[in-house]
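So, here's a batch of structures to check.
In what follows, subunit A forms one complex with subunit B and a second complex with subunit C.
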Partner chain A sequence: MKLPHNVSQADFKAALREFANIVGDQWVYTSDEDLELYRDSYSILWGEADERTASAAVAPDNANQVVELVKIASRYRIPIYPIATGKNLGYGGSAPAIAGAVVLDLKRMNRIVEIDERHGYVVVEPGVSYFDLYNHIQEKGLKLWIDVPSPGWGSVMGNALDGGVGVTLAPYRNHFEAHCGVEVVLPNGRMMRSGMGAMPGAKTWQQFKPGFGPHVDGLFKQSNYGVVTKMGFWLMPAPENFVTGTVKVPKYRDLIALVDIIGKLEQSKIVQGLWNLSSPTTGTPPFAAHDAGAPPEPVDPAIEAILNDPAGVDMDRLDVTAQSKGLAFWACDFNFYGPEKLIKVQWECVCDAMRAIPGATFKLGAIRSLPLSPEDQAKTRDLGPFGIPTLKTFDLGPMFSYEGEDVVGHIFFSPVIPRTGEAAIEAMNLFAAIGRKYKLPGPPLQFPSTIFERAFLFAVGLPVTRSPAVNAKLRDIIRELVAVSAERGWGEYRTAPAFYDLIMGTYSYNDHALREFLETIKDAVDPNGIMSPGRYGIRSHHVR
Partner chain B sequence: MIDIFEMMDRPALKLTRRRAIACLGATGLGLVVGSRLTASAPPFGGRQTAYAPPAAGTLYKVVYDAREAEGRAFGARFAAAGFPTVTVEDDPTWLWFDDLHHRWRTAGVAGLTTPAVAFSLKLMAEQAGLRTVIWGRHWIGPSRTSHVVAATEPALAAWKGQAEVGATWTESLHGMIVAGAAQPATPARFNHASGAHEDGAREMVSWLLAPVLKGSV
Partner chain C sequence: MITRRTFLGAGLAFTVAACTTAFGAIDLTARGREAQAIDTLLIDETIEIPGQMSLLAEANRQSLPVVGIQLDAASHAGLMNVLNKSQAIVGISSGATLFCLERMARDHGLRLTGRSQRCASDSGDDPCWRDVAALLNAAHPHAASPSPLVRAYRPSRGDGTLHIWTMQRYADPQFNHGRQEI
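After this line comes the complex of A and B, so read on.
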């Protein structure tokens, strides 16, 4: 029997018996077969001594059971690790952050507690997936949209609490920012509601975020201060129309002006839909055309030679060659939602602003009336912008290998970089060079993501294998990536448990004042150190 | 005990190596006690309800990728035996959303698909309380097909038995899957063991996901 650290077998068995008394025997898992389900499918430590595996799992049905389970865990000093649907692949999956913890599997808590079409919000339990919520909205015929990550199988709450993101309008695609109000079971077993929910009979819990006094919700994001048992989210009213407009600019360094112009448009709330960056030089059609089924365009042999140069893509040479071929260097797709007259005006404002870049061209796609019919859905390659969850992310073509080993998944290195063309160019070249150095699989050109309104996200997916030797090398590569990013003041926004301490260590301003602050809170609210020990580098006093 | 057979070459299947991976533990099967379902309970939830064990050999559906000749042969074999079949390509979303998840807890679901489809269905099935009973990796190369199959002993025996009488590998999958479905599901999770295969080989995965009867603490 695997035991949590510093817990005797007698105490562990007693605690499991008490857990079973609360939830029922059939919801406590201790067999090897069942615990296999609480391994991270994409673990970069798979099969190694440091792999974080659970000692048991317990699945409560409701928040009151969570209260009792937490009290038991506290009494026996058993570390517990809550998961929602356990689909956080690439960032830890269903596995705990430290080996030997008991996974608190919240997927049975899958009630949609409340949904209010008039005010545009929903309150969910942890086990509600995007598919659950989408299905519920469709069944009820509500005129509300959800913002989905890709794939859409994860938990609405779990995704938000880990900092997950989507692809529709800015107010909704940063999922934690779109929340309003949490109910939390604290490590001492007390149930707390944040914001206006702290008032009994509150009428505005999901309408007014800050509440009274300090806004504590952020303490429960990427942390280990409690088990969130309910969470409110603001939902988007179902828009009437959708259209994508494409702007192309001719030169490589036009990116600098492009990003600045878009920044002003976003800050002014003229552009709120996601915009996507691509390069016609690669032959990949812009997102809109790609979505409509346009095939890749043949790449000019001269350009192909530049893109496939083992020494790396010479961007200046690519720039000159593209211009000689009449190819724009950048294509930028803007997604617009809403009444037709609004989106036409928004597009017109984009075009007016972009005319400051010489040679910019503009094309507005066909305006699509919403909701999409089933036939239109079937023809649409990417349903994410339409708030429809899918599993299509796994349609990535043939599986490949790295260093002779089958690739079984990926792990993300996710730095946040400044929202400037200069920083984007620097990051593209830096990460491409590291990718070449280690022969990492990937396209010749990789672009930053524009999901966040005021910063770029440059998510690099690295392969994960089942070979400890290859995975060890990949871990070293990630350490190098983290270091070179930190040198430039680029911090990661999210990571897998294997790198919690490493990345928390980069946030070291004033001798790690932030970590000290977080640990002070941890010691106060969780003196027995039972709640997700080590998550995001926050450790209790007895394990520091 | 879970055995892994590595098979190389076709058309005659030669057993080249047999590796017994670490025992994944006794199954300790027992009947799941039903939990309440409310009218508002979402359909995708992980609640396990009381149900009778599926009848021997029962499969709710067999899924196959009709783009590949092997997939078509696989699907045809099951259809001829009277099993309900359905095709899938690269995106299993609607198959799962509109069909499988409603009923796959009543009986197993089997398939021969791309690895990505197999993987995503496997994770959704596990969330619904099913377990992987068979997971076969098949690399179809220019001159030979290689296999690494993880399954319970009776299922592997069926696979081996068919091979010995000259059945093609897709025909052998039929026997293996039916044998695997004919017994209480063994909760197991395989280590995605890899095997040698030709350069340029394309991979397909055969799988059987079946309802598990959870044991007690």
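After this line comes the complex of A and C, so read on.
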């Protein structure tokens, strides 16, 4: 039997017995076969001594059971690691942050507690997936949309607590920012509600985020201060129409003006839908699967030769060649939602602003009436912009082999960089050079994601194999990427457990004042250090 | 016509039986394992299925539910229903779809118990459809010692590769009964 760190076998067995008394024997998992399910399929430490595997798992049905389980864990000093649905692939999956922790599997807690069409919110338990919530809304015929990540099989709550994002309108894309109110079981077993929910019989828990006093909800994002058992989210009223408008600009360095202009349009709330960068010149598609348009055109052979130059892409030569062939360097797709007259005015505003860039061209697609018919859904490549969950992202293309090993998954390096064309160009070139240096699979250039309103996100997916030697090399590459980014003031917004400490270490202003503050809170609210030890680099005094 | 489909095994084991022909009468050798009836043939609608295999699926439709899936919202409820109610499933899918299905199935008390990976083609002697026929006849020759294969599952998403697989219920009650209503 695998044991948690510093826990005797007798204590562990006694704790498991008490867990079973709360949830029933069938919801306590200790066999190898069951625990195999809690391994991170994409672990970059797979099969190595440092792989973070669980000692057991326990699956409560409701928040009251969570309270009792946490009290037992605290009494026996058993580290527990809550997961919602455990689909956080690329960032840890179902596996704990430290080996030997007991996974608190919250999948059974899958109630949609409340949904309010009038005020546009929902309250969910951790086990509610995007598919669940979408289907519930459809079955009830509610005029509400959800904002889904890609893929959509994860937990609405879990995705938000891990910092997940979607692709519809800006106020809903950052899923944690779109939440309103949490219910959380603290490490001492006490249940707490935040915001207006702290008032018994509150009527505005999901309507007023700040509440009274400090806004503490953020303490439960990417942290280990409690088990969140309920969470409210603001939902988007179902829009009447959708359309994509495309602006193309001719030159590589037009990106600088393009980003500045869009920034003003977003800050003014004229552009609220996601916009995506792609390149007719390089054939680079928009970020991930989040476009609703057609696939990019094939790349011109002369362009391809420049792109595949082993010495790196000569951007000046590429720019000149593209212009000689009449190719625009950048295409920018804007998604618009709402009444047709509003969409047309927004598009006019975009065109007016973009005319400042010489040679810019404009094309508004056909306005699509919503909701999409089943036939339209079947024909649409990416349903994310329509708030419809799918798993199509897994079919994006063949996985590559790397260093002669099958690629079995990916791990993300996800730095946040300034929302300027200059920074985007610097990051593209920097990451492309490292990609070439290590012959990483992927396009010669990767473009930034525009999901966040005021900063760019790069989500560079690195391969994961089952070879310890190759994975060790990949870990070194990630360390290099993190280091060169930190030198430029670019920090990661999210990472896999293998890199929690590395990334937290880069947030080191004033001799790690932030980490020290977080650990001070940790010691105060979790003196026994039982709650998700090590998660996001926050450690209690026992294991620092 | 197959009148009874059975495959063997418990947990991760998938034992071998013998059959006289791909579509013929079944001669099962239980080897001490409990036999379970196959409830459903799941077919991934996002991939092109070779003609031989399509014919095979069609030929079995009268005695075995054939469920098409796309891993989208439209087919999600149907898939959940299959996963909740089935004791044993045979499937034909891409590797990417199998990767997702395997993880969803675990939440419903089903485990992958056998898997074959083939390059699909329409040749008359395609091993791909013979694998399906063998699984439907409980006579999969490659599943003689599947545990190491399945345990060391390596998702493969190579173009043109079909995965033919079986899943079997291991947990009762199921882990996930679907969404709860308040």
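Just so we're on the same page, the second predicted complex is superposed on the first by the 529 of 544 C-alpha atoms of A that agree within 3 Å, B and C clash if a C-alpha of one lies under 4 Å from a C-alpha of the other, contacts with A are read in each partner's own complex, and residues count from 1 in each chain.
The rule is short, and it goes like this: contacts are C-beta pairs under 8 Å (C-beta built on N, C-alpha and C of every residue); 3 or more make two chains touch, one makes a residue touch a chain.
Being a predicted model, the structure only gives us computed values, none of them experimental.
Judged by the touch definition given at the top, the superposed model places A:9 against neither subunit B nor subunit C. Within the superposed three-chain model, A:153 lies in touch with subunit B and with subunit C [touch as defined at top].
Using the contact criterion defined above for the overlaid structures, shared-chain residue A:391 touches subunit B and also reaches subunit C.
Once the two complexes are overlaid on the shared chain, A:114 sits against subunit C while remaining clear of subunit B.
Contact with neither subunit B nor subunit C is seen for A:510 once the two complexes are overlaid on the shared chain. In the superposed model, A:136 makes contact with both subunit B and subunit C.
On subunit A, the surface patch touched by subunit B in one complex and by subunit C in the other comprises residues 26, 33, 36-37, 41, 59, 85, 87, 107-108, 110-112, 127-128, 131-132, 135-136, 151, 153, 389-392, 394-395, 398-399, 406, 408, 466. On the side of subunit C, the complex with subunit A involves touching residues 11-12, 46, 71-74, 76-77, 94, 96-97, 99-100, 103-104, 106-107, 111, 151-152, 154-159, 170-171, 173, 175-176, 178-182.
Against subunit C, the residues of subunit A that register as touching in their complex are 26, 33, 36-37, 41, 59, 85, 87, 107-108, 110-114, 127-128, 131-132, 134-136, 138, 151-153, 374, 377-378, 383, 388-392, 394-395, 397-399, 406, 408-409, 466.
Across the complex, subunit A is touched by residues 24-28, 32-33, 35, 40-48, 90-93, 96-97, 115-117, 119-120, 123-124, 126-127, 131, 186-189, 191-192, 194, 202-203, 214-217 of subunit B. Subunit A meets subunit B in the complex at residues 16-17, 20, 24-26, 28, 30-34, 36-37, 39, 41, 47, 59, 61, 85-87, 107-108, 110-112, 127-129, 131-132, 135-136, 151, 153, 389-392, 394-396, 398-399, 405-406, 408, 466.
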